[in-house]
Structures are given as structure tokens and as C-alpha cells.
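Every chain is named by a letter (A, B and C) in the order it is written, and numbering of its residues begins at 1.
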Amino acid sequence: MKRTFVEKSIAGLAAGMSFAALAEASAREQSGALQRVDPRVKLAGMFALIVGVAASHSLSAIGAVFLLAVTLAIASRVALADLAKWVWMPVLLFSGCIALPAVFLTPGDRIGLATVQGLRTAAFLLLRAETAVSISSLLVLTTRWSNLLKALRVLRLPVVFVVILGMTYRYLFLMLETALAMFESRESRTVGVLDPADRRRLATATVGVLLSKSYQLSSEVHLAMQSRGFRGEVYVLDEFAARAVDWAWLGLFFVVAAAVAWVGR
Amino acid sequence: MGGPLMFRVESAVFRYNAVVALDGVSLEIEEGKRSVLLGANGSGKSTLLRMLDGLCFPDSGTVSFRGAPITGEHLEDDAFAHDFRRRVGLVFQNPDVQLFNPTVFDEVAFGPLQMRWSKAEILARVEATMRTMEIAHLKDRPPHRLSGGEKKRVAIASVLVLDPEVLLLDEPTAALDPRSQSQIIDLLIGWGGGKKTVITATHDLGLVEDIADDCFLMQQGKLVAHATPSAILNDEALLRVANLIHEHRHAHGPAMHTHPHVHRT
Amino acid sequence: MHIPDGYLSPSTCATLYAGSAPFWYTALQKMKRRLNTQAVPLLSVFAAFSFVIMMFNLPLPGGTTGHAVGMGIAAIVLGPWGAILAISVALTIQAIFFGDGGITALGANCFNMAIAGSLVAYALYRVIAGSAAMESTRRVVAAAIAGYCAINVSALLAAIEFGIQPMLFHDATGAPLYAPYPLHIAVPAMMIGHLTIAGLAEAIVSGGVVAYLQRAEPVLLKSTAPGASLDGATSRGLKPLWIALAALLVLTPLGILAAGAAWGEWMPEDFSSPQARQQIAAASSNQSPPIKAPEGLKKLASIWTAPMPRYAPPLLKSEKFGYFLSAMAGTGLILVVFLILGKLRT
């Protein structure tokens, strides 16, 4: 049955929230390998890996990193089924659509309707996308968001940016819930299907109401911040302490990243 | 009778968008007293509370804290602002406004961070406050995964951690389940005996006698009465005028039966 | 329109990160001055709002759905720099947390949507709305047009970034290493969707929300209404400039009509192709070009990985497209630079 605009939007919003719940639960899994690694190490190391994968011109090297990611996922108690559902399948569908025509359209040595070059380029695209997204998913699934934010400070990201990022994440869920509630209430008050013009008006009104609420919320939050002493400077407290094993992990990430890029140069 | 004067408000007028929120209010709050600002929604009690916390300033009239005027300019002075923000704390009605950090720990630590306390002191005070408010187990929880009662406790903790002399609370029991409500009420009772100066804004008549020694009745931006809680609660006519109770009429055969009626929220 | 990892080469990504950096820096500097104001929570809440908007599928005329980015309203309510930050934050969360858009490609996505999108939307809104009254329909129309153009400029930039990949980055066998489609495929593919569906969605959201805000919360529209900066005299002085630039934009398609490669920009192969030789001669007062490509030309031409001869036909076609599109993008960016200069002067 074709879903209405409201139903589709509700589904989308709810999906976003359930992935977030999954990520939080997964990050709290104490027995996982990656969960215990210093967030700063994970951030820097995984970024290096993604860059290495991006720079590499060797399919097998990129494939090796993908396998490494799968291994790390298993070691960190991340269910491969979850990874497949939330990460691998969507990327396959999206990149697959892009890569498939390239198999036939790319000029080169023909085999059947496809070309060797076409197959190679499709392989690169798919493998790079899947590997990169696996690495970043591992980062998110094994690190608490608040720690991730604090780790970004180490990368010299401005404090105010990190604070805004943190606050955005926090209010994202409030907004998702509000939007969901608005849609659900409309759904319960709608009999039959609305014509497109009405749906558009509904959509823009929803957006407008959400915007008004956002503005009011931000004014109130500003007052609450001032009430507890905020006067324009933002400070963050972190409790990171790198141990020897963290440095080992960092070394591992960087060596692999360099190797992938070098092998495929 | 009481101690030195904490707050003095003289003929404060405040307009917001063509609405007169405060229409010439004058009152005095003594140190160590527990007071209630009693009034229906729109009576101006929230505005007055915010004014006492230096979040908005009167269009005419004055507000002062321990003899020092609370004005925008005065709060630009670092020393005064630092002192004032620590000594006076406001718990907002809507906890979502007050919980803007990624985790509960960060939230409680926000105030001390703004006060530039040392890391060791911050950690110690935050841990102690979280234990007092029974939220230590929620330390790493993001705010969107807290129940209403938990959010309220975190909000209170985030203010208490600074050990303020004055606690301002805006509708502290609103939208809480009965158990959470009684926990808050116990807290409010516990602050009696001159330990802190507490000013609670509420329209909940059932709350008043337990938590306050002094009651200010507000209606449409004006202070209409100042007496002990029991005196005000027993004055039905006054309560009706202030829109805190209403008359409920039903028929018994040919006779009409009227009795005053109050809704508990 | 979020570009994932693996579609752009590291050098493209690095360039776009570098290109975004000055804008981010400026936006943060501007924001710093307003830190003690409502800026921090406003930007955060707005970024969250923009994120949620990107999840709405809007019903469009014709029965399809599209989704907006919110760059139009962001620029109108927050101003250009606030919008740059807010949308960058939303994109960062999408990339890191939801895997929507790559991490190496974050610079590119921010450049296209957060930076170019916001600046174009802001510039067009200010120019078209002029000094119209706060509640006027002109502002609604201005917002709609601004949103439409902004999202299309973003899409165009993304398409160009995709389209130049196969030309510049391929392995020894000639297989493109990153995005596989050259300009003449990438651009139409992206633009068709955005000129129609997504552009319309952004226009509806921008215009519709401004209309709603005019009634419900006009204070939100104040910061981009006249009187804030750019006094009347200055905007009048710039008007003829805008008209000239707009005319330029409209006239660039005429560039395609000019057949053959532009004078002086021949490739080594052109010297051996009879058809190209004829064109060169015709353009050079009927002087025949040398029989062989000059050695120096050959050497320099190969600094940029020379496309294989087989690629020439599609590449020649895409060169013309490339011209047209670079002109469009170039003029668009010039528009933006002028606006910035204008602001710096006041």
C-alpha cells in the first residue's frame, strides 16, 4: 500500500531515532574491544584510515581494510546484522544505483556489454564507500557522542563549534520527537487522503510551527545558560587519559592507513 | 522576624509584546524565608521570578539583591555577575530548556565550569550533588533518555551544585508523576529552617502550606495579597478573584448547588 | 545531494576543505562577537531544525516528492554566516553520526550546501526583496527564488565536482577511480532532479515558511530586512551591477553556440585532426596551423594526465558544457564575492 506523506515522514523520523538508540546502547557495551579505546585515538585513527582508503588505488588493499573493519566490529560486539541493516545495505543500494550504469557506460575493453574499466570503477566506488562508512560507523557505535565531541577538541576544532555541535545533537532528538508528535496528531485527525495542495500547506505549516518552537526554545535555553553563569565563553571538561594500549591502537591505525595508501599508490 | 533583606522589588513594571506582565509590583524577601508566589497562569509570577534572577529587567521600577541593584549594566561587571550567578539559582518550569548539555554529568558540571573552579573541585562537587539528588546512576545518560522526574532532578542538581543562597523554582511539580512530585516537595520542605532562601512560583494550592512560610498572591501582574499561606488559602473570595478556584454548579432537582472547586494539576 | 566517501579523490576533498576553511573561519569570527547573545542556542536549535527538515518528503505538483535542505530559510533567518555554521553543523552530524555524506567529503558537502547555498540564497533574497515591507508578498517570492537558485547552485557544484573526477583520476587501465561519470553525464543527471523536484521543494519551503513567519513570528525575519545594514544608497548603487551580472548569466549559453574549441586552447590531437585544423585556420585569419603539434605544447599538455584519444569525442562535448558551467558557477561566485565586498564596506 502506498504510504502517505505523513506516514513516510514518521517512518523516516522514527528510523533516525532508533539508529541513535542502537548507537548509544552499543557504545556502552563494556566488553567490546573498541569501546575501551581512548576516543581521541579512535577519532584520529579512523579518520586516517578513511583518508588512506580514499587515497588508495589498489582494490585489494581497500578490501583488506574492509575485512579489518569487520573484524573490529565483531571484537567490539557489534552485531553484523545491525551493520548490514543500517550501513551496508543502504550504501549498497545507493552506490549500486550509481555504479551499475558505469559498468556499461565507461569506455574501455569490452567483455560482453560491460567493460573491464567499467567493472573496475564500479568496484572501486562500491568498495571505497562500504569501507569508509564501515569505519565511521564503528567510530559511532563504539564511542559515546559526548566523548566524540570532546575528542574533536583535540583536533583543534574551535570550542564554540563543539558546543554548538553538542547542543544540536541534544535538541535534534527533542525536535524529532516534536515533529513525530505533530505528524502523528495530524495522522489521527486526517480521514482519507489529502490533495497535494493541502498536503503542501500542511507540510509548510508544520515546518513553520517547528521553526517557531525552535526559536522560542533557543531564547529560553539562552536564559537558562545565563542563569548558570554563561557570559560568552564556553568551557568543556574532559576526563581523557591515554594509556599505553591506546598509543598502540593509534599506531595500528596509522600504519594500516599508510600501508593502504602506499600499496595502492 | 527574618534575617537581612535578600530581595527588594519596588514598583516593577514589565511589558512584553503589548502585554503588561508586571504592573507595579513591590515586595521584599528576607533571608532564610520560604516564600510562595501564588497565581494562575499569566499572573506574572514567572516573569517576577526571572526578574529576581536577573534574566529580564523592569521597564520601570527597581529590583535589588542584598542592596545591590540588578540591572543589565551591573551584570556586565565580572565580579558582580560571578557572585550573583553563583548565589542565586533558578529552576525553570520546562526542564528541556535547562538540560542543554550532552550528558547529565556535563549538565551538572556546566555551572561550576562557568565559575572557573578547578577540575578537582568540579569533579568532587558534581559527584556529591548527583548523589544527593539520587542521579549518580544517570551520569552518562543523554537528556532525551530521561523520564520527567529524572529530568527535574537533574535540573535541580545543576543549580544546587553551585550551592546557591537563593533557590527560585518555577512550577517545580508541573507535569510530574505523583512520586516525583512528592520527592520534590520533600526537598522543598527540607530547605526549611533558614538553610536557604526559597521562592517557589506555583498555582498548585495543595503545595503551598507544606513548602512555604510566606505567601504572595498575584493576579494579572499585580500583587493582590501578602499573608501567611493559611490566611490566603482560607480566603475563598480572594482565591476566586485570583482565578485559582472556580465555582462549580450542578442541579439537585429544582435547586442549584454551587461549591468552590479546584483542579489539581 | 550529500556526497559520500569514495566519490571524490583525496585531492578534490582536500581542496574543498581548504576552500571551506576561510568561510568557516569568518563565520566563527562573526559569531564570536555575538557569543554572549542568543547565537549559540539559536544556531544549535536551527541546525537541529535543518536536519529534521531534510527528513521531510514534500508532496510536489505532479505527484512526486522531494526534500529541501533548509538553506533558504536558514540564510533568511540567521543571515549568511549563521546559516553557514548551522548547516555545516547539521551536515557534520549527518556525516559522522548517520553516515549520510562522507567524512572526507564533508568539506565538499559543506562548500556546496552550507557555504555556496547560504551565500547565494542570502544574496538573491536581499537583492530581490530589496526594501519591500516586512509582510509583503515580494519577500515570499524573493525567498522562493532564493531557495530555488541556491539549491541548484549547490547541485551544480556537486555535479561539477563529480564530473571532473574521471577526467583527472583514473588508474593505469583508464578506469575512473572515483566518480565514474564525466561532466556531460553528471551535470544533466544531477541538475534535472534539482531544477525540477528538489528545487521546487526548497522554493516551497523557503517561500511557504517566510509567509508563515510573516504572520506568526515576524521578529525572525528582521535580521535580513533592510535597515540592519546595506543602507538604501548603497543597494541602489549596486543594482546596475546586479543587472549586468544577471545578464551575463543569461548570455553565457550563447557561448555554447560558438563552435569548436576557443582560440588558443587546442589540444595536441587537434593538430592532426583535419576537422580541427580547419577550425583553427578559420579562426586564425585562414593561416594553416603547423603540421605537428609544437613540442612545448605537447609537453605541457601532458602535465594534466592527458585523456586517451578514445576519450576525445566525449571530452570535446563536455568541454563546451564545461565552459558553460564554469561560466555559470563563476558568475555565481562573483555575485557572492561582490556581496561580501559590499558588506565589508559598510
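To be clear about the criterion, a contact is a pair of C-beta atoms (placed from the backbone, for glycine too) under 8 Å apart; a residue touches a chain by one contact, two chains touch by 3 or more.
Keep in mind that this is a model prediction, so the values were computed, not measured.
Among all pairs of chains, A-C has the largest number of C-beta pairs in contact.
Nearest to the common centre of all protein CA atoms is the CA centroid of chain A. Averaged C-alpha coordinates put the centre of subunit A at 40 Å from the centre of subunit B. Centre-to-centre spacing of subunit B and subunit C amounts to 51 Å, using the average Cα coordinate of each chain. Centroids of subunit A and subunit C (each the mean of its C-alpha atoms) stand 24 Å apart. For subunit A, the set of residues touching two or more other chains reads 145, 167, 169-171, 174, 217, 221, 225, 231, 233.
Shared interface positions of subunit C, i.e. residues touching 2 or more other chains, are given as 41.
The set of subunit B residues touching two or more other chains comprises 100.
Residues of subunit A touching subunit B in their complex: 24, 28, 144-146, 149, 166-167, 169-171, 173-174, 177, 217, 220-221, 223-231, 233, 235-237.
Across the complex, subunit A meets subunit C through its residues 5, 8-9, 12-13, 16, 19-20, 23, 47, 50-51, 53-55, 57, 87, 90-91, 94-95, 98-99, 102, 105-109, 116-122, 124-125, 127-129, 131-133, 136-137, 139-140, 145, 148, 158, 160-161, 163-165, 167-172, 174-176, 179, 196, 199-201, 203-208, 210-212, 214-215, 217-219, 221-222, 225, 231-234. By the touch rule above, subunit C contacts subunit A in their complex via residues 4-7, 9-10, 13, 28, 31-32, 35-38, 40-49, 51-53, 55-61, 63, 65, 73, 77, 85, 89-90, 92-93, 95-99, 102-104, 166, 170-171, 173-181, 185, 204-205, 208-209, 211-213, 216-217, 220, 310-311, 314. Across the interface of their complex, subunit A is touched by residues 50, 53, 55, 81-82, 85-86, 89-90, 92, 94, 96-103, 106, 109-111, 113-116, 119, 122, 140, 142-145, 158-159, 162 of subunit B.
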